[in-house]
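First chain A sits with chain B, and in the next complex the same chain sits with chain C.
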Partner chain A sequence: MSAIQTEHEPQTLNLKRIKATDLATSGSLSDRLVRWGKKLLLSDYFILIVSIIAYVIAAQFFDRLARPLNMTNQLSNMWPLFAVAIGQTFVLIIAGIDLAQGATIALASVVGAMIMAENLNPDMFDKLPFWGSILTENGGLLAGSPIATPVAVIGMLVSGLLVGLIVGTLITRFNITPFIASLVGFIFFSYFALWLTQSRNISGLPESFVNLGDSGELISVYFGPKLDPEIRRRDILAVVTASTVITLGLAFFAGYLLNRTIFGKHMIAIGTNPRAAEISGVPTRRVITLVYMFSGLCAAVGAILYTARLEIGQPTLGGLNLLLDIIGSCVIGGSSLFGGKGSIKGTFFGVVFFVLLGNILDAAQMSPFVIDAVKGLFILIAALLDYTRTRLVRVEQST
Partner chain B sequence: MTILFETRSLTKSFFGITAVNNISLEVEEGKILGLIGQNGAGKSTLMNLIGGVHQPDSGQMLLADKAYTPRNPADAKQAGIAFIHQELNLFTNLTIAENIFIDGFPTRRIGPIRFIDRGQLKRETASILEWVGLDVPADTVIETMSPGERQLAEIAKALYFDARIIIFDEPTTSLTARETERLFEIMRQLRDTGKAVIYISHILKDIAAISDSIAVMRDGVLMAQESAESFTIDRMINLMVGRKLEQLYPPKTAQSEPDTLLQVKNVSAKGLVKDIDLSLRGGEILGLFGLMGSGRTELARIIFGLDQFDAGEIYVEGKRRTANSIRNSIKNRIAFVTENRREEGLLMNVSIADNTTLVSLPQFANDLTLYVNQQALSDAAQQASQILQLKSGDITTQAAKALSGGNQQKVVIAKWLLNEPMIFIMDEPTRGVDVGAKYEIYTIIDQLAAIGSGVLFISSEIEELIGMCDRILVMSQGEVVGEFTRSEFDEERILRAAFREGEEKPHAAVK
Partner chain C sequence: MRKLIGIVLALTLAFTSVAISTAQEGLTICFGFQDLETEFWVAGHRAITQTLRDQGVEVLEFNANEDPNRQLEQVRDCIAEGVDGIIIIPQDGDSAVTIVNEAQDADTPIAVFNRPPNDRERGIIVVADNEIITEQAVEFMAQKALRQYEITQEPITPLILVGALQDTNAIGRRDGFFNVIARYNERYPGMFKEPIEVATEWDAATALANLEAAITANPDVDFIFTSSDFLFPTIRSVLEPRGMWAPTGDPNHVIMGGLDGDATACMLIDQGYVDATGVQDLFLEAELTLSGILDAIEAGDYQPNAVLPDPGFALTAANIQYQRSDMWGCVLYDEGFLDN
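Entry: the complex of A and B
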């Protein structure tokens, strides 16, 4: 019987469900409410449920929350953040942390723009380090070429992989703690990106690239009178865009790696007990380096989506605020900073939570400073919830 | 002569195993009491009861004829009992003075604020250091000092408050002969000023030389406490070892085969092991005995490729090992059950099945897609757990930490079994395992040998080595100092070799 169950979903889920149904059948109303509350708290979907309930309630007070334009915006905020957070989740699982992601996004954005920008105003850009060689009045390295976009995309991904390789090598070969190694990466590459562009945004990106973002709409819906001759842009809800497809593709790939491959099992072993993993023949250094490279790759995918959306190569993309959202999403989604714990699904829910929370606070017309402060508080609440949940699970298991 | 401290029928058990059994010990004022016993005889537990680390299940302790019931180490210190531990408890990043006064600095008031009185701190420390004969400034940082100096600093720390009983637990392991002599001088001085000294050591000669009376423990029981003159070294060893072997071991089914699986030739690693020669044949169980710090674990780690060596050669199945790495060892089907399961053996929060298949994972994965066949994996884990009679719930969901010690050890063994090991290195495989599970682990070891694997069985319990092995090597201070074949097995002789009794330089350090 157990064999049949495993084919469908992890056993842990089944255990919880069996217990929950046993519980829900008897007792008084208040007993049942308590049990129902426990069941909700222990559910893997807890964060998602809480986010949606909060959003629906808030929408009653602030009606702009429910407008199609707002929802389209929230979706397009969500996908790049999710892409980056997937990489961070991997790093957290091996008990690391990758602050360099914040800089990788900026670097990749700038590198991409330098390859494919279609024109550059000499008045603005002639002080740039590579003016005259890579950058000219006609644009970036491959300006106007049909292969500009694919090469730029590859260049961005390679930048991400390289940053990850450097951080991973610092950690595995020179025994530098992940925090310091990635902090160094963050500072160095942030300023490297600024130096490359002398802190200017590079615009004029080709349309084929811009369409990789959320302007590449695939499925959009419109709710409204049928006969309206002209549907206004802001009444359309873009449900599926190119960024949706790219990010979900990345998510499924990451889920496959984590849950179905030897690589994922090695990651969890390293995150749980690096010494035992090493003695058991796990190639710890290789796995750790590859995880940081994957994290850089995810940051680069995020950079592609952000850059396509903004239609500029921006050296200040990413940064500390985004790091807060990335790490916050992972932690709220159940990743542990002590390693060995984390899932792609959980991180997705964490991202949904963070994006919707930001949106609600914004709709309530709070200042951006208050919004970030409140986000910080919610990370604390998530940590406390995780503690409560772990205790509850232990109590359930021992009874 | 007055009795300063005594225990009456003191008993303490852990998880049903009696570590200290009905012990009545007397400690006299102005005397040195030597305490000896094998590893696991209960010496540490007894000292922990006296030091307030554990509380006895029954019995009582009297200090100067008053009931003494320490609830924690601070109580013991308050009562005037000082401990000098084998592993030093110093903050290596602080100075000697700061270490000595860590729980109460001399202070000076300036207005409403209290400051540390550096001057007084220095003066007081200097006088203590002079007394113990440690000739360094009070503001020397511990990490810049030699092991011997650290030991003296530890003694200075213990003596700073007015202790009445001073307990030395294996204090000489890291000392040179000269420092040891200085330490003995300090112990005699303490005795002469009327303090009581308890001296625990594995070096029986030292015990005989310095003690006024000697107490011998075995299996939690006090075998004898008499004046030092009534003991010879032979009698000490006799009392420490004692009893006859009972039916604790499975019948031997394995036969040694002629082919050599593992050969270690003249292997040396600086500060760890020296000139090690060792060979292991198929079907053979080779015991490796040594006291703590004898280099047996270090040797195992080198053979497994966890640590490197400076000189010598290692041959596996006749082929010389070039790259000494863990993965190379695993490829050569060498298995290593380490001495501490928790730190090096198990992924505590991970399922039993995933723990069991960690080493052999590549067998279940597609080389290209890395896809792991989950069904094959849990089938293999299931099979291994059945063979080893693992007592557990669903192995795919239950975490390793939820298992008992014996069953955890079986998971570690199962993890290696799935890789079909040729050479099995087991470092203290029965430590922290109850008697029943011990027998099962012995059976597994015998069966491994029966299918032609070679087992290197490392233990600090001579009895289990005698019960299980074809041959026993004895290590001391990084060297192999004795070899015994089955017909020569004799606990006393083995122990004597490990203590290097009959040799001249008991303190010779590994160079």
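Entry: the complex of A and C
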């Protein structure tokens, strides 16, 4: 985790200074509690700590939350969201926003399925634009071939890169604002995915691909006595799956890019002050375009994980709800919508917050008519806390 | 510090205030649905949850908000909870297959309400024959169109609002519509022009935008079938400003039909604006779903498989007098469902 844990964040230095100040002073219990609270609020781990405290408290009321199978479920829910959110974090750092990620997920899902799907029912698919060429009764372009899955994965990643390239080019070459450029990307590629499949899902994906999702268990555990010769499937806990490895690999790579390379420094410079960065010789256009391409790549990785777990190529995958979760996770995790600030570690904590909050609200069995409103309220509370935290950091810096 | 204590207190209070009733003795059933945006789903949700609760069953409800991935996650949570059975309204027929397999592999009986998986081999599947019911409704509309065609000799311009085609129900309804159009064109060559397809993705806003465009481009449309009754208000908002929203008998009347059999459709048939609607027997489907899952639980069958059909029927301007009480939407309408 070293690459993730040692990220560039100005607050880290301040925190050390605060710690030193705290050690040098002592006082009454209430003073120490106040200092402890302040330290907690300023900590990089604040959102994670809040999430865990909330989860532990909630588990006292809803015992299902503490069940091991529930916990492994939540782990598996985190990985695809985290994969996509990593790319969005990069974009936010350069003061952009990538709404096209939702459409990229849909497009990549469909592209992959069109390459590797096996056996397609002509009654359902004969109206598709590529029926008879790419798609036939036998399936997708490489149906049944041993290279179908790797080529499909490459196709999905390339489609993500292409969407990112187009959005990045619109921003850098035509001076279109990131919001509008990525909104155009979202609308265009969403409908392109729908057009490609004429609104149909493509099923029959090969097992080698499906195993890239939650089915690809690498480390599974079982707690309990071995009374029966056969352990029931629901009692086996998948702790590490292929999606865990893929997402963590992506996170390490992103953490390295952000913290250990000149590219990462350029990103932060652009996000902090694009004019100053340009004057200083930062190749802003190239960096911005590459960041959007990376965002598209991350969305495509998310598409691989979502598609594998659902076992279908779906043109409506990655809708607005998911997009809000992605951007919300990044912002809760400390990325600033104004740029110059963000970290992979923080985004991971934001994802943890979102997933655990959803789990708690589901377990609380609130009315389905108000659950999203309550979710919004908790996000608002978290955002206000982050705002308070940022102000405190500034105060500490000025003193 | 005060703020932090406040946060913790707020979280604690929030969680306690929404504390669910503790697990009761008896069964726990998980009910996962997609949205409640149409009368059909509202009535279906109410029928299932109330009936179960009246029987003393604890119902855990999950709304996936039209996201099949979220529904899969929720079903996994239900399995982790160790519920006795699961009922779902899936987003589409393909994700339903994955979800049913997930539940059955974990030895949890599952029933699918109204929107069937594409593979009907596994799970308890309660489904109406959408193609046949649509054909019945469109047949009535086509008969009316034929009379008009014989008088005017002007070809009819048909339009269909198509649902999201990941949904097998939407495919069945589209197929039923095209079957009738093809049959009549075979018998009466030239009677129908090429049908205009309007994509809705089961979304009123999408339907509105696409229908506006279609009617503007084809103002001679005089035959409209909507794949779901919930779009009648949308159709009205497009036709009314153009003087095309007129009751039967008016020269501007557009022959109109739908499918679901909801309260709005019942009212509009009463008023003469709509000519026919295919009716899914919602109450029968709810009853079949509940009896199917509860029987399986009682029998200790973790992987029950059955297809339980709802025959359905078409309610038309001609038979509404006699079959009114058989349509769930008319029952709700007569109870004042649309009064609020």
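Just so it is clear, the second predicted complex is superposed on the first by the 363 of 399 C-alpha atoms of A that agree within 3 Å, B and C clash if a C-alpha of one lies under 4 Å from a C-alpha of the other, contacts with A are read in each partner's own complex, and residues count from 1 in each chain.
By our rule, a residue touches a chain if its C-beta (ideal position, glycine included) is under 8 Å from a C-beta of that chain, and two chains touch if they have at least 3 such contacts.
Computed from a predicted model, the values in this text were never measured in an experiment.
Engineer: Using the overlay on chain A, decide if chain B and chain C clash or can fit next to each other.
Structural biologist: Aligned through their shared chain, the two binders fit side by side on chain A.
Engineer: What angle, in steps of 10 degrees, lies at chain A between chain B and chain C when each chain is taken as its C-alpha centre?
Structural biologist: Here the answer is 120 degrees.
Engineer: So, A:Thr272: does it touch chain B (first), chain C (second), both, or neither?
Structural biologist: So A:Thr272 only meets chain B here.
Engineer: For A:Leu380, is the partner it touches chain B (first), chain C (second), both, or none of the two (neither)?
Structural biologist: neither
Engineer: Counting touched residues of chain A, say whether chain B or chain C comes out ahead.
Structural biologist: With both complexes superposed on chain A, more residues of chain A are touched by C.
Engineer: State whether A:Ser280 touches chain B only (first), chain C only (second), both chains, or neither.
Structural biologist: Only chain B; A:Ser280 stays clear of chain C.
Engineer: I'd like to know which partner A:Ile49 touches here: chain B for first, chain C for second, both or neither.
Structural biologist: neither
Engineer: Is A:Asn73 contacted by the first partner chain B, the second partner chain C, both or neither?
Structural biologist: second
Engineer: Look at the superposition and give the distance in whole angstrom between the closest pair of CA atoms, one from chain B and one from chain C.
Structural biologist: 27
Engineer: Same chain A residues contacting chain B and chain C, which ones?
Structural biologist: none
Engineer: Mind pulling up the chain A residues that touch chain B in the complex?
Structural biologist: That would be residues 2-3, 6, 11-12, 15, 257, 260-263, 265-266, 268-269, 272-273, 275-283, 340-341 of chain A.
Engineer: Provide the residue numbers of chain A that touch chain C in the complex, in ascending order.
Structural biologist: 30, 33-34, 36-38, 40-41, 50, 53-54, 57-58, 61-62, 64, 67, 69-70, 73, 76-77, 80, 124, 194, 198-201, 203, 232-234, 306, 309-312, 314-317, 319, 321-322, 359-360, 362-366, 368-369, 371-372, 374, 378, 381, 385, 388
Engineer: Which residues, counting only chain C, touch chain A once they are in their complex?
Structural biologist: Where chain C meets chain A, its residues are 1, 3-5, 7-8, 10-12, 14-16, 18-20, 33, 36, 60-63, 65-70, 72-74, 76-77, 79-81, 92-95, 97-98, 105-108, 118, 164-166, 171, 199, 201.
Engineer: Given the complex with chain A, which residues does chain B contribute to the contact?
Structural biologist: Within the complex, chain B touches chain A at residues 304, 306, 326-327, 330, 336, 338, 343-350, 354, 358-359, 361-362, 364-365, 369-372, 374-375, 378, 394, 396-397, 415.
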